[in-house]
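Each chain carries a letter (A, B, C and D) given by its place in the written order, and its residues are counted from 1.
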């Protein structure tokens, strides 16, 4: 019997190695695999390349790992908001010292590059960024009279994703706007680890509601937390 | 309501600019609201007009902010603020969300701007001298939406024009802005030049021109904004 | 109030013009917009380019339009099965006379080209077809040591799709394996027309079940038919 | 069970070939079954082994054909035949389905073949001289699955080898086949040459070699298939 549920977040992240590329789902705090990120901080793997939409703060999101100096490079669309005052010092210190590299990618291009990684599409042409500075580092080509940039697929060693519910086969369902980057990231990593609020019986998630089929998920860990708005 | 003299402090508030944009969004349009002034627009769409709001994190049919205590951490907008879902709304991934944007399915994206050029180039993601900008979804929206509208203050904090002959900041996308809503004017980008459609009460076209680098076209008399029903100044 | 529901299949297809490119959803009889196809036959538009996975037979699917000599070109992965004996004569007669062109596309490439059309991706590189005869008509390029072919987005003037339920805003939900090509085709046409079993109140489809958001759908027509297996 | 002589009529039936493949699919694998012999495999997977079947029209967790009268027109397999869904199964679009395939998420695709070359080239979509072939999902599956297995008759109807030094029919994909299951043998494609792993009862390696164009490797004694529990010959 297929059983992808593991007992703890510690067990779930134990084989993450120094130098890994790790995709981290979520948009702000929505769909963010908070417990897995904290487990990764405690685990201590270093020299990581993180793919995530935004960095977050010193107390949530990828910012936790940056503050803990585990990150060598971030590939993101929104590196650091002005509100993240507590993270600013650590972030800029590492950035200016060259210890933290930042690759800025437009959000839709980031989402599509990750989808391409999971879908076996090696590269694609998008109009996003044409006629801007972004075009300087890209191959530019016209299709139907419209300039497009060539963008390459993104893949990862691990993906940390967050969903609402899972079953033992790794099927995931999301609640409201949790899907964001989680759906694509789950497809684009060698090992996909899902943090969920609840594990339920196989066959009870609803065949038409499963938006991450278990084929993409290697490990599931249940993290019971109270969900409330934290302002 | 004809403007007769320049009244320097009779500028629209951010919420009034948002209100102004909300009045001209049409029934049945699919609209993306960017961070900043545009995010206020959701509050001013008339109840009897179905405008469907898109949020790039994977929502169609976004509604207003819920009452305190009813916020849902799994239901936030592009600014990561809590929102609601209207009947008929739905959820999808960020890849599907930007497929919508890039594929030309969004009727209007309303965005903030640092600079707009006379031909509609948009710069809104980075100030030179800053080490890193935040691109977010701006480049995809500017390149993908059927129309890009800008909602912004007409000038920088130190009074310099933001509507320029050429943008000096890094571009978000070239040749994309169609309409500009500011605290003193409504301007349409046309092939010939920016066309001044409306001025704020108390502003005449010459005053707007002084705060705008490219030469503005206008037809006399330029309409003065009717702010009946707009949110109060404070 | 947004109201995309139209009264009849005749009204739904009335502006389809001669020479249109039309995507037709379905895989076999599953998710096939049968009533719209019949309405298009009765409407009589000619010289059509049809994008569909398979042609079907003389009594169902795109084969109805071929038998009626309305089709100039078919873009598909599976043009004509051996079981479609009744269609064979008409099909081959037109094909050999040069009146019917067939563009053969691998099924996954077809699906992805349609998705790209809807998603504003101008073109993409796929490993499918590399090292085969399909590569002769394509640009070949290596990514990470793997040969890929460049494939262009597909778009259409009209898409005829089939779903289970819809609401007045054009949101669609599918039942079981009906989704197949319908989901992508709905995104890739100037005008998308959906045939559904039932129109329900807006807000009752389930926000997490809507897989074709109304943004992609222009017209909805309810066709009450009994669904049963027809062997 | 040691084969001692050539018995020309002791070939496996199509269902026996399918049964043979089904025995070696492993728990937890995601498997796509092509049209023809492979579609029978679903019937022979042991009940206590969870092998998850993918159907390219958008199904994971496909089960066997339902009883007569319970067929559902909205639930068919790649051959457009009615199937069922197993607990934990789900549905998705054809684009998502081939994203799974192309992205290397399918452990094994089992396909029919017209020809297989000694290095694993696959030809299964067109017979030269026919005006049009039906590609279907074959090219995507052959290029995208982690492993491609072939289940086919060893020879053409007129007795000619289908395992060749070089394919003469149009390729579906080069260098993709790893295992071949036929009515008389199980053969693994290796870097050196095709390796004969098993023969059908009544067949010895030399008999199989006679019906196979490239030189076969084998280690003596070659295993004879154990057909205990296989479906009956008729």
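In this text, contacts are C-beta pairs under 8 Å (C-beta built on N, C-alpha and C of every residue); 3 or more make two chains touch, one makes a residue touch a chain.
Given the structure is predicted, the values throughout are model-derived calculations rather than measurements.
If each chain is reduced to the centroid of its CA atoms, subunit B and subunit D end up 58 Å from each other. Separating the CA-averaged centres of subunit A and subunit B is a span of 30 Å. Between subunit A and subunit C the centroid-to-centroid distance comes to 33 Å (mean Cα coordinates, whole Å). Inter-chain centre distance (subunit A to subunit D, centres taken as mean C-alpha positions): 37 Å. Residue positions of subunit C with contacts to 2 or more other chains are 112, 115, 119-121, 126-127, 174-176, 207-208, 211. The residues of subunit B that reach two or more other chains are 85, 91-92, 98-99, 101-102, 144, listed in rising order.
Taken as a contact graph, with one node per protein chain and an edge wherever two chains touch, the assembly fits none of the named shapes, being neither a line, a ring, a star nor a complete graph. Taken pair by pair, the chains that touch are A-B, A-C, A-D, B-C, C-D. On subunit B, the positions that touch subunit C within their shared complex are 27-28, 30, 50, 52, 54, 60-61, 85, 87-92, 98-106, 144. On subunit C, the positions that touch subunit B within their shared complex are 1-2, 115, 117-121, 167, 169, 171, 187-188, 202-203, 205, 207-208, 210, 213-216. Residues 112, 116, 119-127, 143-144, 146, 148, 152-153, 173-176, 207-209, 211 of subunit C touch subunit A in their complex. Touching subunit B in their complex are the following residues of subunit A: 27-31, 53, 77-81, 92, 95-96, 102, 104-109, 111-112, 114-115, 126-134, 164, 174-184, 211, 227-230.
Residue ranges on subunit B touching subunit A, taken from their complex, read 55-59, 71-76, 80, 82, 85, 91-95, 97-99, 101-102, 131-141, 143-144, 170-175.
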